[in-house]
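Each structure below is given as structure tokens.
Here come two complexes built around chain A, the first alongside chain B, the second alongside chain C.
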Partner chain A sequence: MTKQLAVIFKKETLSFFEGVQAWVVLSVYILASMFTTFFVGGFFSINNTGLFSFFYFQPYIMAFLIPAVTMRLWAEERKNGTLEFLLTQPIPLSSIIIGKFLAAWFLCLCMLLLTAPLWIYMNVYFETDNLNIFSGYLACLLLSGSFCAVGCFISSFCSSPAVSYLWGLIITLFLSVHNFSGVVKALHLPLTLENKLSNIVNLNSHFYDIISGQISLDNILFFVLLTLISLSLNMASIEFKKN
Partner chain B sequence: MIVVKNLCKNYGTKKAVNNVNFCISKGEIVSLLGPNGAGKTTLMRLLTGYIEPTSGEVRIFDKDIKAERLACLQKIGYVPESGFLYNDMTVAEFLHYTAQIRGLTAEEFSKNLKQIVENLELKTVINQKIETLSKGFKRRTGIAAALLHNPEILILDEPTEGLDPNQKFSLRNYLKNYGKDKIIIISTHIMEEVEAMSDRVILLNHGKLVKDTSPEELKELFPEHNIETAFYKITSEAE
Partner chain C sequence: MDKKKYIKFLSLSALILMSGIIFLAIMSCAALLFGNKKMDVTSLQRYGLDSVSQEIAQNIKQPINITVYASNDLDTEYPELDLHRQNVMRMLDKFQSLSNGKITVNLKNPEPYTPAEYEAKSINIRPFPDSENTRNMYFGAVFSSGEGKRFIIPYFSLQRQNYAEYDISRILAKLNGEQKKNIGVISFAGNISDWQIFKKLEEDYKVVFLNNKMPIIPQNINTLMVYNPQQVEANFVYALDQFIMRGGNLILFIDPYAENVAQKYPYTKKNLITMLPHLKQWGLTMDTQNVVADKTLSGISYQTAISEENNPTYLKLTAKEMNMPSAMGEKWLSLLFRSAGSLEVTPQKETSYIPLFSTSEQAGLINADVVKYSNLEAINNAVPNEHKKFNLAYWIEGSFPSLFEKSIVEGTKLDKEFPPYLPSSLKPSKILVIADSDFIADDSWNLTGYKKEACVYDQIPANNNADFILSAIDYMSGNNTLSKIRINYLINDDKNIAEQIYAQAFASFADEYKTKEQEVEQLKKDLSSFQQKLHTRETGMSLMKIQELDEYNRRQQKIIEDLKSLNYKIQQKSGDTVNKIILANTIFIPVVLLILAYLGVKIFIRNRKQKYIRIINE
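Here is the complex of A and B:
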């Protein structure tokens, strides 16, 4: 199973880098991240020991870019008819799903690695809180994993990469900007429970908690669960669609 | 051996495959015949476990495909009707990718590849991108991928579509030879192919199995003594 998973991972990673997709995503990511860090986030004007001006905008940048990474993973297989080939090979569906997801997540890791010079630059010229920066990168990694899983799920029920991108953008943007307080309020729960639930379902609050150094279990679990639920839905969607 | 018992597949209210029963032994080349929409492709997808039956069962060498799908797929080589190749890969890359997914060792792959490339005359295009190939070469690339692991069961949906007469002739001979100690199931509309290759014909109409016989017996069913007429009369009668 692991060997076959590695084959899928390798194939998807190679197809990212052999085409223009990975290079466009990486270029746009680095440009958008540097622009927001220096020109919107006030890099020089705020207390930036934890690179807050960089991490603050990551949910929005990733919401735009990650659907572009995941859009073709399943949609193109369906569009080209290769899905039938893939699903009639002696390979567990879970290996295909995880292999594709890991390939997308690996590209996100490359995106984050590109920003490493910024961390080095901070260490050379400014006073930095490296532990805080580390937690910021951890938050970005968890967030990108969750968005990749959401994107994979969306791609699994679309027949066109463009449609998959649009739906992916809507959902990831929605997750990034919406705190779901209205939804929780509509449940008419007792105030303490309402506050607790609002915090649990709010992606931004978990993300910003981690980048401010609170690497707590509930914050990490939120992203892990979002990833696992999305991958399970991805599996269910493939099974449902083919039958 | 393939055993199909009371197999049904419904899409909403449409019965794509309706209570089909048959058994295929080693050494048989079976042609699946039927008009468009008769359920041939659905039946093939059920045999490969790609889709699940509404009821009934498919057993591949005594294993239930639903319960032991991966073990069954190890024994099956399947070529869908069309468009299942990765156009951005070369023929060699596609075959290598298929071999890796199937868990073939490097020695097994290079040994089988050499033989298949020679038999299917793919040598001239082995390093060519699939998107640049003619329909015939694409078809043969698909068949080569299905044959890489030397499967006990070969399921082919319209295998000679897009091939020129010479290619058809050599592929038929190759498959006939391959099917001597294996099971081959071919879905086709070409009656000359049925006569040239098959030991047995399974005729489907509206999802039902309406005839399971040899090509010779099928011909003798009507005074015209040809398969096309028999096909026409049986499928129109059933309507």
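Here is the complex of A and C:
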């Protein structure tokens, strides 16, 4: 299975980099990240030992960019009619799903690696809290993994990459901007309970906990669970298609 | 949609819904199990509760209810305050989880015209306007115990966020502890009851201001503060003596030059310190003529803050210059002494002495009159290079003999009304002698002006003078845990990048800047001596002298211009660094990395193609 997974991962990764998609995503990501860090996040004026002004905007940037990474993973297979061919190959479905997901996640890792010089730069010239920055990168990696899994799932039932991108954008924006706060408010629960429930389902709250250097197991579990559930749903939707 | 597709759609929807429910269930369990167990992933452990705070939370005996009143829209109206709210809530959760169910935390959202808002107003939670000034917002808390004790933080000020844990820990300890104890205050400098330090003390103790002519210190007072004793009467000397004999604890502020008193009563003669008999009895001697000066510790003088000249008699002490007894907890961040005196010790039997605060090895003494009547330049010039270390405060614990051989009322009608005369200490006393009366004055530690309704939770201390005194009183009163609580300076106390860039840019011009500053100083001196000579008519006024005077002014103008140009260069260099950081991280480095990655991918693909061609050919 590992060998088959590696084959799928290689194929998908190469298809990203052979075309312009990966290069456009990487360029837009670095420009957007640095613009928000320096011009919106008050990089020079706030206490930035943990690179807070860089990490703060990552959920919004990733909400826009990751659907662009995942949009064609399944949708294009459907569009080109290669999905049936792929599913009839002697490769377990789980390997295909995980392989595609890992390829998208790898691109996100490349995106984050492009920002690593900022970390190095900060270390050379300014006071930094490396442990805190490390936790920030961990948060970004977990967040991008969740968004990739969500994007893969959405791509699995869309027949056009453009539609897949739009749905992906709506869902990731909903997760990072809206945070279910309206849904929780509509339940009219007592305020303490409402607050607790909001924190449980609030992606930003978990993300900001980690980037501010206060991690608990439920923060990590949120992203891991979101990823696993999205991948399971992805598998279910392909199984439906297969049958 | 045919039936088969419809069933597929329904099944998938049901699966998504079920996944959502499972997700929510697992996350709720995880939040209950691990939500409060946060790991502090910062190098300096910024967010961890202090060990003293943890001890307080673990030892809570009776139920404590905490109600936080926080407007829901803080995140959109005041994002920074909302971050502070999140930190406070997390901190309260930590206290709650450590208290074994003794602490309950409730959150209320005082929306306008709701019962929650009326409740918040009725218990004095302070409203503040939203960014458009259309409605009130709230962020405060009420702490109440089962016994009916209640403490209120009307507003969690953003400027006081370093104090959040300190304030909450103190309140919890007080709710868990005894009744307020009495502390006496005797001032020899008029009414000082409006000083901010007493507002702080009154939050935790019952402060009783006593007359300085009283021959007896009331029995219900075990800790006494004596401020700037001068021209004291025999009655007071006897009262204090007997107070110490019965084991009373004392904090004494005494110095050769009390600036605050001099400002209040500018025409009084030089201070007459008549406390010396007591000091000698405790094994202390104080230089009453000179104040301590130390250029290496000099804090900025407030009168000249604009010109940023340092006053060598204003000593800003850091942890390095402190020596706290272990029972009183860790060292403080900073303390400010203003024209302090120096103390020396001649050890007595059964008495322990701890020099709490001292200068560096580079200090010297200046006559108090010079400090009082001279300008800063003259004071700076008068600092001698004695290369000595001086002690500014002593902590003494021990028993002493009385200064008196018999009661001062012996044989009079008052004899029966007075408590019996004690010839020696019944039990050991704790005495803190601080050789600076200005130590607790508002302008030594608390630089902000406050409105009348301001409370202790509005204070934004610049130095820890009042915190230290409160901690000493806690220790003297037996509240040992309270005395060890410290302020978390790790939260939000780093230099920002702009400041660091400016400091780095300045460092490369520092020598040049210093030389120019010295030139200005020298020129000023030359000019003033030249002008003095002209005034005293040592030299007559002539065309040459006028030209010389002009030349001085021209040179001074030139150096000032040079300094301005240096300043401009520093700012330009800072600006260049900012641009470099932005360009390097936004364009240059990513472009280079992307090009390298692109080339790498191309080479990899070409090699793969060649490999496939070779295989096909074979």
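Operating definition for what follows: the second predicted complex is superposed on the first by the 235 of 243 C-alpha atoms of A that agree within 3 Å, B and C clash if a C-alpha of one lies under 4 Å from a C-alpha of the other, contacts with A are read in each partner's own complex, and residues count from 1 in each chain.
Operating definition for what follows: a contact is a pair of C-beta atoms (placed from the backbone, for glycine too) under 8 Å apart; a residue touches a chain by one contact, two chains touch by 3 or more.
Given the structure is predicted, the values throughout are model-derived calculations rather than measurements.
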Contacts of A:Leu233 with chain B and chain C, given as first, second, both or neither: second
Which superposed partner A:Asn130 touches (first chain B, second chain C, both, neither): second
Contacts of A:Glu18 with chain B and chain C, given as first, second, both or neither: both
Partner chain in contact with A:Phe174 - chain B first, chain C second, else both or neither: neither
Touched partner set for A:Gly50, first chain B, second chain C, both or neither: second
Per-residue contact with chain A, leading partner among chain C and chain B: C
Shared contact residues on chain A - chain B and chain C: 18
Of chain A, residues touching chain B in the complex: 3-4, 7-8, 11, 15, 18-19, 80-82, 84-92, 242-243
Touching residues on chain C, where the partner in the complex is chain A: 8, 11-12, 15-16, 19, 22-24, 26-28, 30-31, 33-44, 46-47, 86, 90, 105-109, 492-498, 500-501, 504, 578, 581-582, 584-586, 589-590, 593-594, 597-598, 601, 605
Chain A residues within the chain C interface of the complex: 14, 17-18, 23, 26-27, 30-31, 34-35, 38, 43-50, 110, 113-115, 117-118, 121, 125-127, 129-132, 134-135, 157, 191-192, 195-197, 199-201, 208-210, 212-218, 221-222, 225-226, 229, 232-233, 236-237, 240
Touch list for chain B against partner chain A, complex: 45, 48-52, 70-71, 73-74, 76, 78, 80, 82-88, 97-98, 100-103, 145
